[in-house]
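Each of the next two complexes has subunit A plus one other chain: subunit B in the first, subunit C in the second.
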Partner chain A sequence: MNPLCTPRDHTFSRRSFLGGGLSWLASPVLAEAMKQKDKQVLFVWLDGGMSQLETWDPKPNTEFGGPFRSIKTSVPGVHFCELMPKLAKQMHKLCVVRSLCTKDNAHSSGVDRIQRGDPKNRGVPYPHFGAGVAKLLGPGSSGLPPYVWIKPGSGGFRAEDAGFLGPKYGSLAFGDGKPPENLLRHPDISADQDAARNELRQMLDQRFAKQREKRVVEANASVFDMAEKLMARADIFDTTKLPERDRDRYGRHDFGQHMLVARQMLEAGVRFVKVTSYGWDTHGDNFNAHATMVPKFDQAFSAMLEDLEASGLLKNTLVICLSEFGRTPRINGHVGRDHWPEAWSIAMAGHGVNHGLVIGETNARGTEVKSQAHDIGALFHTWYHALGIDSHHVEFDNAGQPLPIAHDDMLPIKEALA
Partner chain B sequence: MNLEPKQIAEFKSEHQISAARFSSDGSVLATAGYEPVVRRWQFDGKTLTPLPSLAGFHGYSTAIAFQPKQPQLFCADSWGQLRCCEGEKTLWQHDTAHDGWLRQIAVSPDGSRIATCGKDQFVRVWESATGKKLAEHQASEDVYALTIGESIVFGDMRGRIESWDFDLKQKLRSFDGSALYKLDRIQDLGGLCVLLLIDGGKTLLAAGTTPQNGATPQSIPTILHFDCASGKLAKTFTHGTNKEGYIHDLVLHPTGCLMAVSAGTPGSGMLFLTNPADPEPFHVNTQMANCHALALHPEGKHFVVTSTNRDSNGNGKSLAKDGQYKTNSSPLHLFEC
Partner chain C sequence: MHRIIVGLLALTASAWAEQASLAFSIDSALLQKTKTATPADDAEFLRRVWLDFDGGIPTAAEARAFFADQTPDKRTKLIDKLIAAPRFAGRMAEAFHVMLMERRGENDVWKAWLVACFKANKPWDAMAREMLAPDFLNEQQRGAGYFITRRLEKVGQQDTDYPGLTRDVGRLFMGIDLQCCQCHRHLSVDDYKQIDFSGLFGVFQNLKLQATDGKHKTPWVSEGLIASKYEFVSVLTDKKGQTAPRLPFGAEVMIPADSGDDAWLVKPDRKTKEAGQPKFSPLREIAMRLPAPENPLFAKNIANRVWWLLTGKGIVEPLDLHHTDNPPTHPEVLELLGKELTAHHFDLRWLIREIAMTKHYQRADATQRHLIAEQQLRAFISATGEQTRLEINTQPDVNVDAAKYSRADFQKAFAAALANPAKEPELAANPSLRSALFLRNSDHVQWALKPRAGNLIDRLAQQADPADDLYLSTLTRLPDAGERKQLASWLSAHATDKTKALGDFAWALLSSTEFFVNH
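Moving on to the complex of A and B:
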């Protein structure tokens, strides 16, 4: 138990459990969730770069601190920006790292480097964290696709996310949290006809496989496997049957509803769920932008933490929230903050990480990391360790060439690990 | 005959300025900006000389307004403080006039009342002499702008604009400024920056921008003209490209022309003067980057525009010549008409 917990924290949890969680406690979904003990990951990606100063690392009333106040959190001495009142009440569940110092200040390369862990250059594209987890931990007992991505806009299969692991470990993106088109068997096709068609397909696949690379064939087969599993679990996309109150708690905006779909995916046992929110690249009107977006993030992310805790899933789910970088302390002429990899923050919760903890410190102006700085490679080590994978000994197999799963020269952040 | 302003001087400021106003006698310029300080400058017709600043604010100083016929200055900050000063002396102060970001202050034409609005969704009316709260109204969103004529007019993030009689606690009129709002992904883009009554209160102007995209907004400066009697939109004025962005300040010159400044993509922005009935401005100055405030001297012959240094943006750790992390500032440009 977190030594920093107070009786009040438990009152809050109980209240939220009784108020928000009971409606779905009796559902088959929960029963499934409670049974399922596989380690899982929720990876929340705020694309474009959320400002650390308007969220996790406020510097109120300082030169670059911006207009907002800070507020107390459930952990004494830790403050968040006033735009995150709900998460402030859940700080005791969080591990916030305020000492990120990464290398890339461009989106085009930064997104990739952060999501691939920025390892040493081996001349091959490294897998995204989700693909690495899918490879190392497999799909889990649910059999559902191991790496799914809920995002605004279009969906599809993204083989490139898997890097050298091969397309089989790519992400399956569900645009707007919706299932792939024509997922379900057409009503005019009987189960027998469908089975016969699959038999024919498999026969043709075997012929195809003789002339193709193994990983391509595997990827091809895995797509059909995924489709089959998803056909059986089309219910995980449907949030309409959830109580209205649940849908309100997450927020009726895109991000809220996508997080709700993500919750259903986690409950169904998907190994790695990534949720993306776009539009955080606030080079202009930064404060008004964060004033409208951060409360929506606060609402959905805190509802997710509440529900994962209430269902018991938080114990085996590693929750990570980050961007490709933070935002500059100085304010440009468009009232915006630009890209800032020098000193920024991420938040984690759940399986394998300590909670109620802030790691690292930036200086009073927010312009430098004052404590030991951490690059993304250290975070990859930390996350793999949190999932029970020894990142210094376990290796990827790149067609016979062993490659480290995280940056060779970096170490996990020990304080972060439970 | 149209004005042809010429810049006659430029003064340095080490800070970024978002609001500027002259006192009623024209001897003092006050500025607010991205610091918890209200700065004051002595104006002698040719130069601006720094006066002692007003400290004790928090976050950003956000709004300033002078009494129309007296020296009192009303100023506010982003943590909700509202203060009335005469010179350096505080006459009255509310530390939490609003819960958080107090966005604008407007003074009634007779100077007896002031109105304030804020992110807490409230519009409040105060007795200007004492600071006594006279009335309040809760809107449904963050209230971005307000002005006072015969009634109090305020507009919110979504461009919903209403005029109210606060004595009767009654809404008088609604104005549809939704053209100044857009939802982009999960960002509410509020484009309303200034409300201004002209033609003796017959016309309401809602100025700002027509938002096109979030995150890094690119949008065209816009002024909506409303007929106050009917509430109907009479005209939409736009000028510039989508780089020029937001009209951050708009004032009425005694000759009847409108003076506006805008800021958009770093490095761009403008000062323009236009007659309300005209489709195009008669004077445009794009020499200053990212202009945020325009203070018109009461005698109408001078005005000050605050801009931003041209290299105000940049990813990563830009260092100044002294090796320190770069900061931005707002030059003050003095114009003569």
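Moving on to the complex of A and C:
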């Protein structure tokens, strides 16, 4: 159970924290006004903590650099680890931030804190970025659920991702990239029969709604509608009909195929697509593990960037790739790297962000951030701004209590914004 | 003459008995505020009591018999019949399982304990005592321990959820959600102080979950030694406080001065893996004091929760936010319920019957609510006429149509598709994408709507005019003229395959909102 208070308990707490009845508190800008049709987000989550040194911020031939070399990228002067040859060719599309300095070095708190943007302890659980975007930008015109999550393992609806925004904005997870159970029409039922009896059900409900509280009928109608729309787009889960070449380009491994499903989701107009890859917590045998995993990531993520650019979707899709933290420069006794929130990297691309750019730098040994350090709050401001949302003025409405959408002491990273 | 006097006396006595009943007092109190409630018609009443006391719906034949019955007190008789039926304990066990465990999982020993309690009509204070300080060595009582042990199971890397257990004890047994008071006084509820949470927290934090062993047939908890008060500090004001074990709003329990070996009944011993047993058991102290007449919130909480269970609305809402600034909608009714329940030694069956007897319960415009997954399942398999077949099929065989599913299969599928997520109070079963897809496409639903000897579709196919049977079997009411016409035109439009047409119409009824709400 979450030890934090529930939203309803703190309805007026922000005001009382601030000394009560402050009239200068702007009323929350209506989410409705912010809703924009076409902006989308791809959020790639490398769970466990990808090593910055074996990816975006290599330090070859240094004390902690590890065995891999660095290679040139498509942007002069910028080098990646040699495990990412494909992404190196696409650096001109990317915006890499090498100056992250965050706070939690435990998975249990870090995963949550990074994805919720840590807007100080407000006494209520904050929504994950995906839930925030779903709320602020709305579901869009696709009719599909606004926040979907493609992940290995089990699927289902995760209401807790939405925090105080309420279960409506939770994530709909597709376990193993598979569709939800019972998505396909039953083989014994023909399409005509299915449509006819569903229409009959609607008629019965409309009749019932006339005599009773509409609310109950509406709640039922909305889930049947969502089911209908998803059934109609059952094809987006099916990668088997795609050209063999596509499936090869993304890689015949979980992450590759999940990214391919993600591409189809984006093409179908889903507002926020999160893809998770697990297993990056390399406390032992860090280098072999990264030698196996990074190339798969390199393959799928670069194929995605190519395709989004080719289809034009990159113009309106903000792409973000990160973990809960980076990994220690110091190599431990098990030839592993441990958790390191002090100095690590993330990558972005697409809508609203600059490209072909590296922001910030770590010191020569990779142990600390040398330039200005950025906590996750600054990234949330950056992402919201990239999506056209003024994160200093727009607020969430927690049952009457206005709450900032991002840490109110932080600013967006200006250089990152296009 | 004598006979007349006796007759008069009997008449007065029964009238007096009625006026002395709690049901009568409730209605009198409610009627002061609201206009006379229109009574529900027979059909509505029938479906409601069945869903509430059986958990399912009556068959078409049972419905017909009830409608035809001209006895003036047939409703009272039905209430008494359903409450006396063996199934009543099962239904109550399901409802209380969902209320107390909030979908944290299933456990047979716990379920069996709940059923046994309701079968024996064990008073609620005794039930609460068994849950709060379980006797894990007592075969009849150890099932009650699941309330605590399940909540103390570790989830991933998270700390053992002692605050959650503390919170749930307050919520479910006293109707007060003290969660915010873990770290500071409650910001919006003046009545709730940090000491109220801490007095309980010290007791539950002192428990340790132990695995099944030679002596214990279920997981169990051992208690540590409490020799000093629990100290806490407010994160808002840095103000410090301390408390001995204490009920919220109650007096502290004195911690005995025993120390060293004197403090132990059985000393802990690492070598023999003896967890030890202190002489002073704060858990037992709390379990004695909480479910007691001296703690008025104990009676009010359960009265309010039973009221909610039967009427769909709490007299205090949220159910776990009883406090001065959140007054009951009908204070005199809640007061009455609490007082009378205490006087009746926390007899839940009596309370349930009294509430069912009120005009308020039997009114027409009762609150609509979605059925819980267990009711949906029971109603669904009863409506489709597959109950018996599913009960018989304990060893399902996927290759034989009639033996394809067992009741357990259906139970699992319905719970997966229709139950709310874990750890949330299931105040309303919310429709979801999952439930919609299940109803629309699942094989379970499809299977039950295929004609099969003796089931609903098979039966309807043999009737020239199946409208009455179909509506009675699914919605426990007769169709009106419009609905009859709708069915007739549907059947004539799909005349090529009558069983298919009937199956589809039944599907639409069974997927409709009307089927999934209690009226």
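The rule we apply is simple: the second predicted complex is superposed on the first by the 341 of 418 C-alpha atoms of A that agree within 3 Å, B and C clash if a C-alpha of one lies under 4 Å from a C-alpha of the other, contacts with A are read in each partner's own complex, and residues count from 1 in each chain.
Throughout what follows, a residue touches a chain if its C-beta (ideal position, glycine included) is under 8 Å from a C-beta of that chain, and two chains touch if they have at least 3 such contacts.
These numbers come from a predicted model, not from an experiment.
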Contacts of A:335 with subunit B and subunit C, given as first, second, both or neither: first
First, second, both or neither for A:204, with subunit B first and subunit C second: second
Contacts of A:414 with subunit B and subunit C, given as first, second, both or neither: neither
Which of subunit B and subunit C A:196 touches, first, second, both or neither: second
Contacts of A:106 with subunit B and subunit C, given as first, second, both or neither: both
First, second, both or neither for A:293, with subunit B first and subunit C second: first
Touching partner for A:184 - first (subunit B), second (subunit C), both, neither: second
Intersection of subunit A interface sets (partners subunit B, subunit C): 106
Complex contact set, residues of subunit A against subunit C: 1, 3, 5-6, 8-13, 16, 106-108, 123, 145, 156-157, 159, 167, 172, 180-186, 188-189, 193-194, 196-198, 200-201, 203-205, 207-209, 212-213, 216-217, 219-220, 222-224, 226-227, 230-231
Complex interface listing, subunit A residues touching subunit B: 48, 60-61, 63, 65-69, 82, 105-106, 152, 253-255, 277-285, 288-289, 291-293, 296-297, 328-336, 338-342, 365, 367
Residues of subunit B touching subunit A in the complex: 16, 34-36, 58-60, 62, 78-79, 100-101, 119, 142, 157, 184-190, 214-218, 245-246, 263-267, 269, 289-290, 307-309, 312-318, 325-328
Subunit A contact footprint on subunit C (complex, rising order): 156-158, 161, 163-164, 167, 177, 179-180, 182, 186-189, 318, 368, 370, 416-417, 421, 423-424, 430-438, 440-443, 446, 450, 482, 486, 490, 500, 504-505, 507-509, 511-514, 516-517, 519
